[in-house]
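Chains: A, B, C and D, in written order; residue numbering restarts at 1 for each.
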Amino acid sequence: MNIEQLDFYTQAILSMAALVGLTSFLMLGQGRLLRLIFVFAMQGFLLTLTTVLAAYSLNNPHLYISAVLTLALKVIFIPWMLRRQVVQMNMHRDIEALKNNTAVMLGGASLMVFSYYVLHPIVQSSSVVMLNALAVSLSVMLLGMLLMISHRQAIAHVVGFMSIENGLFFAAIVSTNGMPLVVELGVAFDVLVAAVLFGIFFFHIRTSIDSLDVDLLNKLHEVDK
Amino acid sequence: MNWLIAVLQSMLFVALAPLLAGWLKCCKCYLQNRKAPSVIQPYRDLLKLSHKQPVVAEQASWIFLIAPYIIFSATVLAATVVPFIAVNLPTSASADVIVMVGFFAFARFFLALAGLDIGTAFGGMGSSREMTISSLAEPAMLMAVFTLTMTASTTNLSLAIAHVLNEGLVLRPSFVFALAALTLVAIAETGRIPVDNPATHLELTMIHEAMILEYSGRHLALIEWASQLKLMLYGVLIANIFLPWGIAETFSVQALGYGLLAIMGKLAVLAIFLAIAETLVAKMRLFRVQEYLSFAYLLGLLGMLSHIILEASR
Amino acid sequence: MIAAYLVLLIPLIGIIFFALAGHREDTGKLNVRFNGICLLATIWLALNVLNQGTIISSGKAFLIDPFNVYLIVLTAFVGFTTSIFSAPYMAHEKEIGKLTDGRLKLYHSMFQGFMLAMYLVLTTNNMGIMWVAMEGATLATVLLVSLYRTPESIEAAWKYFILCGVGIAQALFGTILLYYAAVQIGDGENALLWSVLYENAGKLNPEILEIGFVFMLIGYGTKIGLVPLHNWLPDAHSEGPTPMSAVLSGLLLNDALYAVVRNKMLVDGATHSTMAGYLMMGFGMLSFLVAAVLLHRQKDIKRLFSYSSIEHMGLMTFAFGIGGPLATFAALLHMTVHSLTKSAIFVTVGHAAQLAGTQKMEQIRGLIRTQPKIGWGLLIGTISIAGFPPFGVFTSEFLVLLATMHSYPWLTLPLLLGIGIAFAGLFRHVQPMVYGDQPKGQKPIAANLWPVMIHLALVLWLGLAIPGFLAHWFSQATLLISGSTPL
Amino acid sequence: MILFLAYSAVLLSFFSGLLGLMMHRRQPLLAFNQYWLAKFPTVNQRCQSAMADCLEEKRFPILLRRAVFFLLGLSGIFAILAGLSVLIGQGVITDQISLGLPWLPWHVRFDCLSGFFFLIIGIAVSAVSLYGPGYVNSYKESQHPFAVLALFTGLFVAGMLLVLLADDAFFFMIAWELMSVASYFLVSFQHENPANRRAAFLYLLMAEVGALAIILGFGVLASFSDGFTFDALRNAQLSTTWASIAFVLALLGFGMKAGIVPVHVWLPEAHPVAPSHISALMSGVMLKVALYGLIRFCFDLLGDVHWQWGVVLLILGTVSALGGILYAMMQPNLKSLLAYSSVENIGIIFMVLGLSMIFMDNGHPQLAALGLLAALLHAFNHALFKNLLFLGAGIIHHQTHQLNIDMMGGLIKKMPKTSVLFLIGCMSISSLPLFNGFVSEWLAFQTALQVDVLDNGVLRSLIPVSAAALALTAALAAACFVKVFGMIFLGQSRSHHCDKAHEIQDKGMLAGLSLLAVLCFLFGIFPGLIISLINNVAGQLLGETLPNDAALGWLWLAPVSANQASYAPPLVLIGALIAAGASFWFLRRNPATVMRRAETWDCGFGGLTPKMQYSCSAFTMPFRRIFNKVWIIDERVEKDMRGAMDQDVAAIRYHLEVHDHSWPHIYQPIENGVNTLAKVVGRIQTGNIRTYLGYSFATLILMLWVIS
């Protein structure tokens, strides 16, 4: 099935998927925290757009609520909070030197392929579009994890964590037109609380190790040193 | 009737034991160009000792005092089990060859304890050495005897000897091994050269004598008698197991008489052999005794194996 | 059904109450009361289930069946006894200046929050809500782990938060896949209801469910503490306040496993393959062995027992993975006895650490001589957790072994090896702590050991005889999970 | 009725443990008494005052101790009665107790085999309960609470009895582990000593490993049958391979408990450090319970034994017997020595059991019955004399406060009664005629001598070799116990403590020993009494009894036939008495020869000192030379030099340590291996959260790849 044969909605969704995937890649290679947060906010915004799109074309009003929640949390609140932290910590000038950046990017690309490979069996029971959408969201998830693995700043970890959530939301909206409302609300609540807790933790970590470098959090281990 | 003969035979056995010792001493003296004491000198010694007042060490406890009686009775019991001039004895049935070895162990147990009781270095040394040697000798002896008992498929000595007797002359390789083993064990167990020297009182070499150093009077008499009995017992075992001919199978006076003569003759010859051996061989160092006894053990085992593999194989 | 609502309502009130009321002298006791009332409510609920069988609430939002009813009671019970322990314990912590009023307020409020999350995980019929509650449990406890604000505790809390957060996100992806498979055959709103899913399990798309299950297993498995996803667990258990360790080990891990098993039932129904079972067996065995070996290296007493928790969770996962009626029954029983024993152990461990003034095992010595109750409690608890009869852990381990022997004979070897190594690892550390002369200057402390005694007595009881109603529930649950029953 | 006796025995021991817990409950009891007094003032005044009397502060602990041991003794007597009645009645009684798993209540079965072991336990427990009250008096309540001792003793005994009653795998394991765990607590009772802690840990660890092996053994059987009851397991149809696997597992498990080489290391560590009456129970009885397990598993559950198993048992038994006695000989600690000697005796039992299996599989059930009989009889005898010796060791420890044989000496004069009883134990264990140890060894030899009936060449040559080893073992045992008795009781005392020792005052302690000593002698003279009982066991288990075991009258022992071998201990005794009496009378009739005491001859150096005596290590030096490969010997002589050019010796110190090979060669590597493994595995936990995330990520990828 070629893309020109699909309806506009599907085309739009696929474009969105591509964009969301792109933002993930952008984040992965990003060493500056402020830009990272900005790209993250962009991803959140794309997610909001997708949700609105789905709500509009599928005439599914509860997705609007979900869109509002996403907008509020992922585009406004969390980026704002993270940005504030960065500025407070005076880290906005720092560039994190990423080791093996090329390898990580290549790895990210292969993850994308891998996601398609893994989800391939799903094609039998649904459309290629679904496969695309799910694969993109899976790769967003995996890229989020990769982001966390490759970055050392706690703030980058939070961004990675939230981008994983973005991937999940994307999957939920595209493949199933959103989860039941209760669940959506619950998840949103959890994300909110998590965001608040992250804020608290930044404070604690800073007071404890005077930095937000997670590599310094290594007192508890089982290795003879 | 049987019981009576058995008891009489045992008494005879006990009574004749010093005679064998005397004869052995005589033979040795002749061989060593010395003037021999009378053959009945051991009897005189025993009698003299039994009349003397025993002197007992201060340290000694009741173990020391009862040990001679126990040693003597255990050896006597062992003697009752062995067919001396006749087979088919009820005493052999009430205690078989394993029990006989047990009697020896019993006697030795108390002898060693008595050695330790007085609390001197000599006693302990003797006990230690005695237990070492005997713990190697005892299994060797059992092995040798088991060869016989497995051949006869009975551990009853009387029946076993009767079996050998009735079988006639059969050349058994196992018996050769067993005979060799038993002879080696007998020499070790009775404290003869080359393992021990009954005549020595040099602390580095003595074994048996070290343990009984503190004994005197009737106690010494009993122990001496017991060791003479033991010597005789081994002699009778070797003679009657491997050359049983002449032993009385019925309880007629004639047969018993022949039996007595036969065994005395056999013992006399054995004693001569022993005397020759003792004259020719030098005493071994203590820690070579283990090799000697391991050899005996090995011979016993070989005897048993050759019986099982060569003679009774199916 | 009112009982179920009550069970959820009480802790909710608790959160709000403690958050608003602030810390007072009697907050600890109030906490006990809240948990006590909740326990009564769960018993009422259990009686209902005993009389009526499976209960589904009118909106189908809640489902109480034999599989979760006993876990609910267990949760309430462990929560109750832990709160009994917690009252003097936290008072002592405040006395020695480790905690402030504010933090105690947070502690009590979040204690209730955690209980609420646990009840919600267990009672809900909706797989999505289950996920939400699971995440909620993490959120409720993460601040408790860092309650002492030491660098280590903050590190532990951070790891706990990030690792569990990432893990649980994967579980959400799994849930989405499940939902995706479900909407293809049914209506949207009810598609995540477990009761509906279970009925239609055969119709679900097996491929999707398989992939979904991988995500679920890894997601919830992080919470269970399956190796190699377990790394947060020893840190979080050892650095938080001990009552928290007790409920984390005794309840949270169980509930995560509960979630996995619920999902496994669906996957099994859909795929008719043993894929899910094999995955669980693999993870279970790996966790079991790695934790057993790592027990030998521990220096911190709470860390030691948290590894033991990983080990036992591994064993349960393995047993559920085998999937036969015997193994399932054993795993259900093991969940119960492990919760009871482990929470009892953490109670004694807490007291022991307070007694010695440190969590370092090298410095904890002579407990029996100093305070026999604590020493014996720890020793008997360890004996029990190590799987010695007549304690219940033995029964379940025995059954697991036999089930393994029956289905996969060669796997018994690593299993036995693991049990042996784990036992040695536990005992080489515990024995020097309890035995020996009283160290100089060590004095008895105020301790309430009734929870320990009650727990151990219950475990003993379960080892000697399984009461009829529990056996009935177990066998019903076994029927539900494995399709047949050992009875 | 019989079952009632058996249950009573179990319950009584259990209650004795519970009663022990009352030790610290004097105040509540007092309060209860007051309350009771107030409530029913009219009820029997005397009764109440008696109660109050008992609860008096000083009397209460003593009375309680007595009561606890009284209950324990009662349990022992009930066990004896139950055992005897089932052995005589030859019945099989089954029952169920509604405990355990919902679909598997505890099955109980009481047959001759169980009954026989009940008898062993009963006798031992009775003796111990006579002995106990006096012995435990020396423990300080604050350091060694009696409640702990009593509770776990009760549980221990109850556990052992329950093992014998169990008729399903689950119940069996519960009882088995109850026994292990309870005895673990007893081993660690005096836990202030590092040796105790180490021993206890080792013991529990090996008990656990052994139990796992047994469970697995049952598991193998269970997977070929449809249930865990022994009835079901009996009907399991196993291929030879699986049966052999089950056998090996059972052997490992039960062997570990029984203490066969090389899995014996816990035994010489654990037995010596427990309180002596517990050591007696552990060494004398618990090992027998392991033996029971093996017999039950092989002869009853597996049913078709294979001669190859017999060979395995024979070889292991031989190695254990020789190794055990050689190690025993080198021990300076009396209780370690006794523990190693248990290894030896268990080895002998295993040997004979192996013979029994070999004969069984080769179609000679009668000879198999003979072997079984010899094994069981030796187990019985060993229980008697080992208990006797351990209890004796307890008295010695109690009076001299030490267990090092090198520090004792001369106790025969200070403790005459104990010394006689101990001597009887030594003679029995050295298998001297007239004592019980000899009878079983005699039977063992008789079994081995029947090798002629076999066809297999390997067996025909192997069995004689093991018989030779048995002979060697017996001789070494005699040497060892000469050393023990000689060093402890004879000569001069080598230490201050020993000098001040005196005879034990407590009658109960001596009574416990006397009971066992009398039984040792009694069954040495009249072995027929017990053999006819064991014959019933063999009859029930193998379906074969010995032929005409009493054809020559009940005084005679003729296990195969009168033509093959016979032994009449009563006649031997009479003979011995006559011989000894005659010589005694003959020599003592002359009043002039009354003996005279004089100084011991000191080679003219003047003044014998205790240091001149042969010591323990000196006594065994020849053995050390001869068998020097058996031990790891660490022998050093240190000289302090002085004087011009350091030519004169000021002092010499001699240092000797003898170690077991199995420790550095088997156990140490395992321990190191586990530690290394832990170190390696520990590397996965780096402490860096990014690594952890990496694990999570990698696992996810891997799993997804695996399923797709």
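In the analysis below, a contact is a pair of C-beta atoms (placed from the backbone, for glycine too) under 8 Å apart; a residue touches a chain by one contact, two chains touch by 3 or more.
Please read all numbers here as calculations on a predicted model, not as lab measurements.
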If a chain touches subunit A and subunit D alike, it appears here: C
Selected pair, greater C-beta contact count between C-D and B-D: B-D
Centroid-based (C-alpha) most distant chain relative to subunit C: B
Centroid distance [mean C-alpha coordinates] between subunit C and subunit B, Å: 78
Subunit B and subunit D: spacing of chain centres that average the CA atoms, whole Å: 36
Chain centre separation (subunit A, subunit B; CA means) in Å: 100
Centroid distance [mean C-alpha coordinates] between subunit D and subunit C, Å: 43
Subunit D: positions in contact with at least two other chains: 679, 681-682, 684-685, 689, 693, 696, 700, 704, 708
Shared-contact residues (touching 2 or more other chains) in subunit A: 118, 121, 145, 148, 157, 214, 217-220, 222
Sites on subunit B at which at least two other chains make contact: none
Touching pairs - complete list by chain label: A-C, A-D, B-D, C-D
Subunit A partner contacts - residues on subunit C that touch it in the complex: 126, 128-129, 131-133, 135-136, 139, 142-143, 146, 149-152, 154-159, 161-162, 165-166, 169-170, 172-173, 175-177, 179-181, 183-184, 188-189, 191-192, 205, 207-208, 210-211, 234-235, 238-239, 294, 297
Residues of subunit C that touch subunit D when the two form their complex: 158-159, 162-163, 166-167, 170, 210-211, 214-215, 217-218, 222, 228-229, 231-232, 234, 275, 279, 290, 293-297, 368-369, 372, 383, 386-390, 394-395, 398-399, 401-402, 405-406, 409, 412, 416, 419-421, 423-425, 427-428, 431-432, 435-437, 463-466, 468, 471, 474-475, 486-487
In the complex with subunit C, residue positions of subunit A that touch it: 118-119, 121-122, 124-126, 134, 137-138, 141, 145, 148, 154, 157, 161, 164-165, 167-168, 171-172, 175-177, 179-180, 182-183, 186-187, 189-190, 193-194, 197-198, 200-201, 204-205, 208-209, 214, 217-220, 222
Touching residues (chain side subunit D, partner subunit B) in the complex: 409-410, 412-413, 423, 427, 430-434, 438, 442, 445-446, 449, 451-452, 455, 457, 460-461, 464-465, 467-469, 471-472, 474-476, 478-479, 482-483, 485-487, 489-492, 552, 556, 562-568, 571-572, 575-576, 579-580, 583-584, 587-588, 590, 592-603, 608, 610, 612-614, 618-623, 625-626
In the complex, subunit B residues that touch subunit D: 50-63, 65, 69-70, 72-74, 76-77, 80, 91, 93-96, 98-99, 102-103, 105-106, 108-109, 112-113, 115-125, 127-129, 131-132, 134-139, 142-143, 146, 149-150, 153-156, 159, 213-214, 217-218, 221-222, 286-287, 290, 297, 300-301, 304-305, 308-309, 312-314
